[in-house]
Each structure stands twice: as structure tokens, then as C-alpha cells.
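Each structure below is given as C-alpha cells.
Look at the two complexes coming up: chain A is in both, with chain B in one and chain C in the other.
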Partner chain A sequence: TSNKTRYLSHSSLFLDRKEWADLEPVPQDDGPNPVVKIAYSEKFTDVFDMFRALLQNDEKSERAFALTTEAIDLNAANYTVWHYRRVLLQALDKDLREEMKYITAIIEDQPKNYQVWHHRRMVVEWLNDPSEELQFVAEILSQDAKNYHAWQHRQWVMQEYKLWDGELEYVEELLEEDVRNNSAWNQRHFVINHTSGYSDSSILDREVQYTLKQIKKAPHNESAWNYLNGILQDGGLSSFPGLLEQVTELQDTCSSPYLTAFLVDLYEDALETNSSSYDQQEMFNKALELCKFLAEEKDTIRREYWNYVSRSLQNTYGSGDPVSASSDPPPPPSSSQLPDMEPSDP
Partner chain B sequence: LLLDEHADYIAAYGSKKDDYEYTLSEYLRMSGIYWGLTVMDLMGQLSRMNREEIIEFIKSCQHDCGGISASTGHDPHLLYTLSAVQILSLYDSINVIDVDKVVDYVKGLQQEDGSFAGDKWGEIDTRFSFCAVATLSLLGKLDVINMDKAVEFVLSCMNFDGGFGCRPGSESHAGQIYCCTGFLSITGQLHQVNADLLGWWLCERQLPSGGLNGRPEKLPDVCYSWWVLAALKIIGRIHWIDKAKLRNFILACQDEETGGFADRPGDMVDPFHTLFGVAGLSLLGDEQIKPVNPVFCMPEDVLQRIGLQPDFTAHFVCLPINQTHLIQLISSLKETPGPEMGVRKGRHTKCAVLGGAQDQG
Partner chain C sequence: MEEASPPLRCFRESHSSELFSDDGVQTVTSKEQQHYHYLKKGLRHLSDAYECLDASRPWLCYWILHSLELLEEPVPAAVASDVCQFLARCQSPTGGFGGGPGQHAHLAPTYAAVNALCILGTEEAYKVINREKLLDFLYSVKQPDGSFVMHVGGEVDVRSAYCAASVASLTNIITPTLFDGTHNWILSCQNWEGGLGGVPGLEAHGGYTFCGTAALVILGKEHMLDLKALLRWVTSKQMRFEGGFQGRCNKLVDGCYSFWQAGLLPLLHRALFKEGDSTLSESSWMFEREALQEYILLCCQNPGGGLLDKPGKSRDFYHTCYCLSGLSVAQHFGNKDLHNELILGRDENRLAPTHPVYNICPEKVAQAIEHFHQLPVPVQTGPTPSAMDQS
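For the complex of A and B:
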């Protein structure tokens, strides 16, 4: 309980201040018997007791606004405080430009917090002014180029306000700094998807060559290989002219489990599409050989996956009886138990 | 595996004076309680927690709008609404709150594009799509939302690598993938996932140390043992990670002195990582721990009691099969009713569901 007659001018506690004397602080209430004993530091108790009092009275005042600043300073993850601050920003018609400066400082200090980014987005929406956003996010990304919140905010700004210019260049800068930045590769896909798209063959060609170039610089790069695979899904890996040759060429100098995995995917695509450009038997044999190589030597931690791929290939394209492993679901009834049937289109 | 130490750690959590960490985490208290209770139940130690106090606490957190907050004096949010419903499900006491109002609250958060906001302030995230359907599923009220639109939105978050992000275009992330596969399981739409492509991306999270990361080129963290592993289990590909190596990593994250698990070996423990470490071990088949449901991250026996059985791709008979065998199998299905058949043609083609014996086949 507060001692209302104690006005100490030098006290930093709210409960000691004259201007706050009218409010009865509301202590934390965890129910009739507190679930657990909670120990707060004195200042924390002070601020949040006052906050609860304001909330209960639904007070919309400057002192309430000032209190949210104090509360955020103590715990920027408390989403209720942020809600209340937004209510006050509107009720008191506060200067939103000032608020932008404020949220900028908070995010710079604590960039991995959902609340602060959502708050910034609300202020940008209210101001309807994205002009600082790309610069700001770039600054945050310069400290941590993979900050998931930062990237979401960037994507939102770009889509909402159609700010696509210069983004591909920005992505390339980031990939220059760290070619393994998965977020940057994702952003590359995001930008192109929303601008030119990948259906134009000159775009697709450009992207394939760009990716292969990055792979040559850093062969052990999951993101680059995922990107290459991803952009070629629609057309099919084996349909892209000269790709098999280009990737095979890389085997000597830029070998990695990812390259080998990519070749397996390419061979399988050739088998799936029954492409006449390839010797089907050769594709089949090479694919199985690489699966074995990966399972037994190059990527043993994922041997179960590679054995699965191998079995899958054998069952689909092989000529023998179905192959299965103990971890597979039970095999279909064997052909000897079923009536002889003429294969026809299902 | 130091189960007694972990149980002691959780039972004592929050009772220490001057625990600043505990204070700071008040804004997520409801989830904190869910993590603690669930891990205790998985270890068969739920009786050590104070059921009556917790139920009273939850009652005090339901707001007029029906939504539930993280703690008293905090605003309602979908995250804490789900946690509350999960806790009450564990305790078989769902009716201490106004269930109809919870349902209204969740329904009211669905947007025109099918997505869900976390609360009235409008943050959109596939995490909230999961929270919404998980909550409604536990309450038996999935039918109140626009299911088609909800599914459409989640699928629009599927990326070129087979993974999912928080919004359309967002980078694939293991936590979001858990939420989306969980969502698709609850809504019966797992066949829309490219299980081989996504399974590959997920098993690629395993690092030489045996631990799992959440995105390419990031550090391993014990909580990804849950997000990644549960997602793999849901899509029927859990055997694609090296289980022994992962188990060793998870066990290395225990703290022998204090009990509990940390994000990686040597760091400070907390209830969040303790739950996901233990739950991960359960998924890996540790018999000292109760079986955990990979969709809800709750003990299987609780879900059985409620009568919930979300889809797993493991229940699909998904066979590598050539065309002759396929036709023979289809014709045999006409005689024998069975689980839904998934047919794949090549590794990167999506599952096509044939349906049971009643269908054309």
C-alpha cells in the first residue's frame, strides 16, 4: 500500500510522486492463492502496479502515456502495454513523427521482438508514409542480416506500397557479403515473383547463371542449391538446356552433397518425364549410384532419406520386384495374389 | 535422461524469490503454465502442480470478448487463448470458462483472405492460423470458421522449397512449418503438402552435431527438436533424421545441477526448452516419457480422452509403386475398405488422394 503523505522529490518511484497521489496502485493479483510467489524488483512493482491502476480506470492522459514509456523500458515484450500506448497515441492525438523516432530507437535496441515491429507497422500505416522504412530495415539487417522480423516488415512495406525498385540490387549486395544468407535468397525469389516472374526464359536463364556463379564461389551452400531447384521446379530440372553439363562440370571443383543431391533430382526428373534427350537406363543407373554414394559416404546422417529415394527409384523405374525397408509402410499385395490384369489408364 | 531433476525444476519454477526472469515473462504466463504442465504430464508428474489455483487463474483471464490473456491485467490474445484451452483440456475442465465466447472470439479473428489475426490489433501470421484451428478443434467447434479460405491462406504461404513462412512470401522457418503442417493435419489437408520436398528440407536441418536448426545456416536449438521433428512426424518422414545423433544432442542440453533443458549445451535452462526437449525425446521413442501428439504437443492420452485424431501422413499408405502394381492395388481397394490412398508419381509431385473403396478409384 502507498503512503500518500510521503512526497519525496528525489524519489524515482511513482508511488512517491505528488502528481500520482490520486491513484491507488493495484498490486499484481494472481487469484485467491497466488500460483507461485512472485518477487519483483521495487521499480518494476512500482511501474506495473501504476499501469494496472490506469488500465482499470481506463485513463487516457499524458501521465498514462509517460508511464507506458517507463513500462516498455522495463519490459518491451509486454504486449498489453503496447496496446495501451496505441490507444493513447490516438486518444491524445500524439505526434506520430515523434513516435516513429521512439520506435526506431526501441527496435535498434531490441530488434527480435514481435511487439515492436508490429507497433512500427501500425504507425507507418497511420502516417501512410513508408519513406523511411527500407533504409531503416537495411540498417537493422546490417547488424543481423537474417532477422526474421525485419524481413517480414520489409516484405510488407514493399508489397503494400509497391516499392520494388532497387531491391534486386540490394539482395545482391547482401549476397556479396554473405552468399549463404538464406533470407536474402528468399527475398530474391520474393522480388522476382512479384515483378518480372520466372516464366520469361531470359529471366530464368539469368537466374540460373547467377546462382551457378554463386555456387562456384561457395559450393557448400544449401540456400543457393535450394533456390536453383526451386526456380526450375515448374519447367523441370532435366528440361533446362545444358544444365546437366554445367552441373556435372562443377563436380570436380565444387563438389558438395548438395550438388550430388541436385544431380539425383535431375536424373529423376529425366526419368519422370521420360525425356528422349537422355538415355533412360543411364539416368537410372547414375541416380542409384549417387544415392548409394550419399547414403554411405557423403551425407550419412541422412542415409534413411537417400535409401528411400533409391528404393523409390527402383520401384518406379526398375524392372524387378518392389523393394522395401523395415521403416516403410507394408508393401502392396504381391502380384501373385492378384488376378492378372491388362494395364490400362486408371 | 534426468527426469527427476527436470520434474523438480518445473515444480519449483516461479517459487524462488527475486526471480527476475519469471517476472519479465508475465506477458506470456499462460503459455508458461502450459509448457510446465504439459512436460510434467509427459513425465507422469502432473499431480505435483496446483490444479485448483491454475484453474482459478485461467477463469480470471477470460475477457468479455471471450478471448483469454496471458495473465490478469493483460489483454486477450489468440496465443494465450490456445494455451488456456490446452491447460483446461489437460485438466478435463474446459467448462470453467465460457466456451461459446471463446469460439466467438476465435471466429472473429478470421480475416477476409482466410488468415487469422492474433488479436484486435491485426498482426497476421500462420502461427495464428494454427492457434485458431487447434483451439476450435479441442473445443469440437472447427465448423464455425471459413475452412476453405483458412486453408487457402496457409497454402499461399508455401514456398519454393516446400516450406512455409509466417505470411505469403516469408522465408521458410521450422516453427512456421510446424504450425502449417499442424494446421493442415487438423483440417484434413495434408495431401496438399509436398511431403518429400518438405521432408527433405526438414531433414536438412540436422547438423553434424546431431542437433537441428530452424533455417539454413543457423545454429541448432533444442526447441527445433520439436518444431522440425513434429513436422516430420506429421508428414510421415520422421525416420529421415538420424535419431541417435539427435537424442545425444538433446540430452547434452540438460543441466545436471539445476534440471531443465537449455537451447544448446551449456546455456541457461528454461521451461520452454524443457518441454520441447522432453517432447522431442518422446517423439524419438523414449519409453520413460508418455507418447506426445505431434500436432498439439499434448499427451496422446489426453487427446484420446477428448476423441481427437488429427491426420498424419503416416496413416496414408504412401507407396513407391509402378503402374502395373498401382492398377492391381486400386482394383483390390474396391473390395477392401481401407485408409485413404496417396499416390505419388515421382518424388516431387504432390500426393493425389484416391479415396477409399466407395470412390471410383
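For the complex of A and C:
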């Protein structure tokens, strides 16, 4: 092709365009016996051969910028191209508002791409303007309410620019739409953690009541049970007044393995804190009984786990013989049971 | 309780009385052969459908080579040498590996390239890695708060710490300051659910939880996690119906979490053992091994070769790698001294064991560590750790 006169300006290949005639394309150096060799289309090869040429010459021009757009269209995961585009945005003093429109379009089309979200963050930082971000992320979440990149961007914007107002309301809207949206429950925790915190007893009360209300609506929703557990960890499940009664009451209408597991957690907390509000022996017996119930009947997929919890409880709070995992005499203790893991292990 | 509508025909009891016996003649579909051909071909040629992975070619090398080693299929010496030469072309002059020749260095293809070279395990493979420059690269992406960006001018998340810890420990380039603050940053990713998010504040996710936990194991700081909360979270991620694992609470099962999630159980077992826990099982990881194997073998295999997320999805090399890795974790408990195998189905389903931290075979880990520990730790020569590059 080096002999071919490059006069075509309407060809779709950069190779054939007269405005690019001065640039010698640089083929990819895969070596003589390539591996994982991709059968690139003619267009792909053309664009990236030109990209390599630009990169090699460190060219900072409008045509280079236009070429990055083509390259991104062919492979939006090429982080080298995105980096180069950022260099050009600054070197050519490009209109960043226009760039935001472009980024918006790419994200709408490929919402699970790491590079484009990072690029958006960079441009928002350069503009120092987060004013469109929450609405934009809400729009992406309306298409996929659990998009991890979207939530990451949202949390970054909120923390960086201190935009906490209205977020709890937004979370509640999302939970109205889908009470099982675990990302929304996480966002609830995020907002409260960074604003009021959970130490205030009126906040904690409100959250516990809100969560119990959601549990009554959908008793088999694991997210709500995990949230209830999560917010009470610090204070202790058994220390929250009336909780055992409220949860026990739910058993008739809202029984689920999650309720049972929650009771195990509560009993375990009572044992751990040696709470005088509870009969320690009763807590111990009930905890073991429920572990057995879960392992053998209600949550058998986690049999190994519940049996372990049971053994641990017996080992810590039981009165008597040491507990082992098998009915055989225990093997002599040795580190040979350990999976070989340390870098220094043979 | 009365059925509201008549039971579906396919659920009727009468089926069992019409069940054929198999005439004593088995039709053997040796799926391993199918997978082998899919992998062997992919190691050389990929269709244009793979243009989207043009910035991840070292990953393709690793996913395929690791799958082959799990299937105990050898790689011919000529192919191995070609992989070495290709990865050498992916290495950046400033250190680390990029997604293809001429691309900037990035921690993910760096992780993949080092793993692939360690699987090959030849002198030629080890020699590809420029350790001095690799150390410079790691320092160039290190952040003041202990985290790492994935590439210069790139994003931070917990994958980067794992990629950095993995390559640094295998190639013996860990200096006293390289991981300053890293363990604390990773710990701040553990959230109210018990698992870890990609960055502090985010939802607990199997992929990120694996990366954070494995990185802490390498750094010797796994005991600083709330291990009980993490154990509760990960065991809850096994789906009671499907048998496979979900990546996040209330999301769908996916074959790749067979490794990211189930692979946490060996790590936690060891961590708890080191804490002095005497109530650990002596025969099994704390998940339903048979159910996971059933999910992978019955739902995640493409009859033409390769494995996948769930029925209805297309095969790809990423899912092939991680479904097989998860199957291996489920099959093998313990280590070379104390080993308990649970192979669902035919003996031919048995895969080689995999190392739960690096996800390459344990012998290859040991061999690489032995090789690189004979070399001195390089001295950092590049620029000192910088705040995130503005471009």
C-alpha cells in the first residue's frame, strides 16, 4: 500500500484518505508466530494501525482526536486510547461540555464499561461541575437499577461534592419499586452512614422499624434481613429493646430461613455479651436447636456452615467435652491441614 | 394444600414407571475433548467477536492456559515459546504488561501475563519478566492512601491491590514500603453485609471480595477482616435451588462465581485455622460441594466445548476458566498432605487442584516462588509514588 496513490477522501478506510496520506500506518507487532490472534475486520486494522502511528509520533491534532472516536467505537475497552483522548482534550483545549454529551451517549450504549465511567469522572473533575451527575446516574439506574459502575460514580459524586440532600428519598423510591434491590439497601446504609450515622437512637429506631415493615411485605427478602443485622451489629442484636419479641412474633406469618438465622445471630449475641436480660442456658440451647433445624431442614445448602456454627457455639459456651468435626478421634494437630498458601510455603 | 391448577405433565409421578433402563451400553460424550479443542484453537486464533478483548490479550492467554492445566492437557513446547514471545511484546518499556503489543501497562493484564508465564514455568517464561521495571510500574500506580490505580491515569478499586500483591509476591519484588497502607485500604472495603465492595461504601460483590481477601492473605493480614461476617456473607451467596453462586445478594447465579465466591472458602478455612479455630471441618470446605459441581456440569457446559454463565448464554474463555476453577475448588479439599476428593459423576471429570490465592496450579506457584526467591529484591529506581495522574 505504500506505493498506492492515496487520493480517495470518501473511502471509509483512513488508509485511503488524502488527509491521512502523510501518516504511515503502523501494523501491530504480534511477532512471527502469534498467539490469541484476533481476526480483526479490515476497518479495525485500519483504525488501530493509524492509532499506533499517531501514538508513535505523539501527534496532538484534531484528526488524532477524531481517530480516537473511531477507535473507541471499535473497542471502548482500550484504555490506551482513552488516555490519549484525555491528553488531546487538554492539548487542544476541547469543549468539555461537548465531551460530556459524547460520554453520555457512550455510557447509554455500553453502561458496563469501566473506561467510559472513569473518563466521565475525569471530565467532571476538570469542569468541577457535578450538577448533571445525579440525574444522569438516575437515568442509567432506571434502565438497570443494580449497575455497579453507576452506583460507584454516584457515591463518588456525592462524597466529592457533598451532595447528600434528597438521597434517602431517592433510595426509598427505588425500594418502593423493588424492595429486593440490594444496591438500594446498600445506598441507604451509605447515605445514613455519611450523614446522621446510626449512633443516634431515634435514627436506629426509625431504621429498624422501616426494615421490619419491609420484611412484613416480603418475608423472604434477604436484603432486608441483612440490613437489619448490619445496622444492629455495633450495638448488639440482643441489646436492642423488644427486638426478640418483635421478630418472634413474625414467625407465624413471616417464617423464613432468614428469620431463623437472625434468631441464631441474636442468641449468639446474647451469649457473647453474657447479657443478664436473657437466660444464658436457654440462649445456648435455642441457638443449637435452630442451627440443627437450618442444617437439616430449612437451609440444607448451608449444612456445612450451620454445623460449623453449632460446633463453635458448643466449643465456646458448652460445658464439657471438646467438640470435633468428626466422630473419629481427631488427627494429631499439625499445619499439614492448611492449604498451602503462604508465598514461603514449599 | 390443594393445587390451584392441575400439575404439569412433566412433574407427574407416572414418569418413573416409564423410565428406560440403559441397556448396559453407555454413550460417552467426552466433554473434556470438546473443551480441549475449543481451548487449543483459541490459543492460536479468535474470531472478530473478540475485538472487544483486544486490550485484554494476556487475559486470553491466562484463561486458556489455566483451563488447559486444570484439564491436565499439555501445552507443546513450541506453543509455550510463542506465548512467551507474545507476552514479551506486551510488556511495556516502563514496566508491567499491557493488553496487547504497544499498549500502556495495566495491572489486570500484568496479573494475567505473570500468571500465564508461571503456568508455562520454563526459564524462557520467567526471563520474560523485567522485575526491576515491574517494581517501578507498581510504584507508579501506588496511591498515598494505600490503594493502587489500575493504570497511570486510571481508576482505583480493590482488584488493583490483588493484581499488585499477586505479581509482586510471585516474582519476589516486595520491598518494605510497596504495600504501606494497602491492607488498611482493603479492610475499609468490608461493609455492613460482611463482604467487600470495589471501593469503600459499595455493595459487597464476589469478584471484589475475592480480590480483597486474597490480597490480604498474601500480605499476611487476613485476620484483620471480620472473618465471621465474611463467612456468613459468602456462604449465603450459594443458591439453594441452582447450587451455583450469585455475585451479590438478590442477583442471579453465574458460573464464574463458582471460583470468585466458592474460592473464598479455602481462604477462610485457612484464616480461621491460623486463628486457632478447632471446630473447622476436617473433610470439607464450608459450602455444598456437590451442588456446585452439579450446577457447573449440568448447566454450564457448551456441548461444542467451553463453559458459560448460565443456560442460554454464550460460551467464552473467561467463563471456561472460572467455571473449571470453581469445579476444581469443589472437587479438592485440603492440600497435598491432607487431601479429600469429591468427584461428581465420572472419574474423568476430575480436574487438577488449583491454588486458591493465585488460581494457577499449586506446583506452578511453588516453582515460581522458588525460582524468583533466588534473585534479590530489586531496588526501586523509578519516580516515587504519585497522586493520581490528571490525565
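As a convention for this text, the second predicted complex is superposed on the first by the 312 of 346 C-alpha atoms of A that agree within 3 Å, B and C clash if a C-alpha of one lies under 4 Å from a C-alpha of the other, contacts with A are read in each partner's own complex, and residues count from 1 in each chain.
What we mean here is this: a residue touches a chain if its C-beta (ideal position, glycine included) is under 8 Å from a C-beta of that chain, and two chains touch if they have at least 3 such contacts.
Note that the coordinates shown come from a computational prediction; the quantities given were computed from them, not determined experimentally.
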Looking at A:199, would you say it contacts chain B, chain C, both, or neither? Reply first, second, both or neither. neither
Between chain B (first) and chain C (second), which, if any, makes contact with A:128: first, second, both or neither? neither
Please work out whether A:79 is in contact with chain B alone, chain C alone, both, or neither, and reply first, second, both or neither. both
Between chain B (first) and chain C (second), which does A:87 come into contact with in this model arrangement: first, second, both, or neither? second
Would you sort A:276 into first (chain B), second (chain C), both or neither based on which partner it touches? neither
Can A:152 be said to touch chain B (first), chain C (second), both, or neither? both
If you stack the two complexes on chain A, which partner ends up touching A:311: first (chain B), second (chain C), both, or neither? both
Overlap of chain C and chain B interfaces on chain A (superposed complexes): 28-31, 33-41, 44, 52, 55, 75, 77-80, 83, 86, 114, 118, 122, 146, 148, 151-152, 155, 159, 180-183, 186, 189-190, 193, 222-223, 226-227, 230-231, 233, 301-305, 308, 311-312, 314-315, 322, 330-331, 338-339, 341, 343-344, 346
The residues of chain C that touch chain A in their complex are 42-48, 50-57, 60-61, 64, 78-79, 82-83, 85-86, 89, 98-104, 106, 150-155, 157, 169-170, 191-193, 197-199, 201-205, 217-218, 220, 229, 231-232, 235-236, 238-240, 243, 248-251, 266-267, 269-270, 273-274, 277-288, 291, 334-338, 355-357, 362, 365-366, 369, 391
Can you name the residues of chain B that touch chain A in the complex? 13-20, 22-24, 26-28, 33, 50, 53-54, 56-57, 60, 69-75, 77, 119, 121, 123, 159-161, 165-167, 169-173, 199-201, 203-204, 206, 208, 210, 215-218, 239-242, 245, 314, 317-332, 345-349, 361
Note which residues of chain A are touching chain C in the complex, please. 28-31, 33-41, 44, 48, 52, 55, 74-75, 77-80, 83, 86-87, 90, 114, 117-118, 121-122, 146, 148, 151-152, 155, 159, 180-183, 186, 189-190, 193, 221-223, 226-227, 230-231, 233, 299-305, 307-308, 311-312, 314-315, 322-326, 330-331, 336-346
Residue set of chain A touching chain B in the complex reads 26, 28-41, 44, 52, 55, 75, 77-80, 83, 86, 114, 118, 122, 146, 148, 151-152, 155-156, 159, 180-183, 186-187, 189-190, 193-194, 222-223, 226-227, 229-231, 233, 265, 268-269, 271-272, 301-305, 308-309, 311-312, 314-317, 322, 327-333, 335, 338-339, 341, 343-344, 346
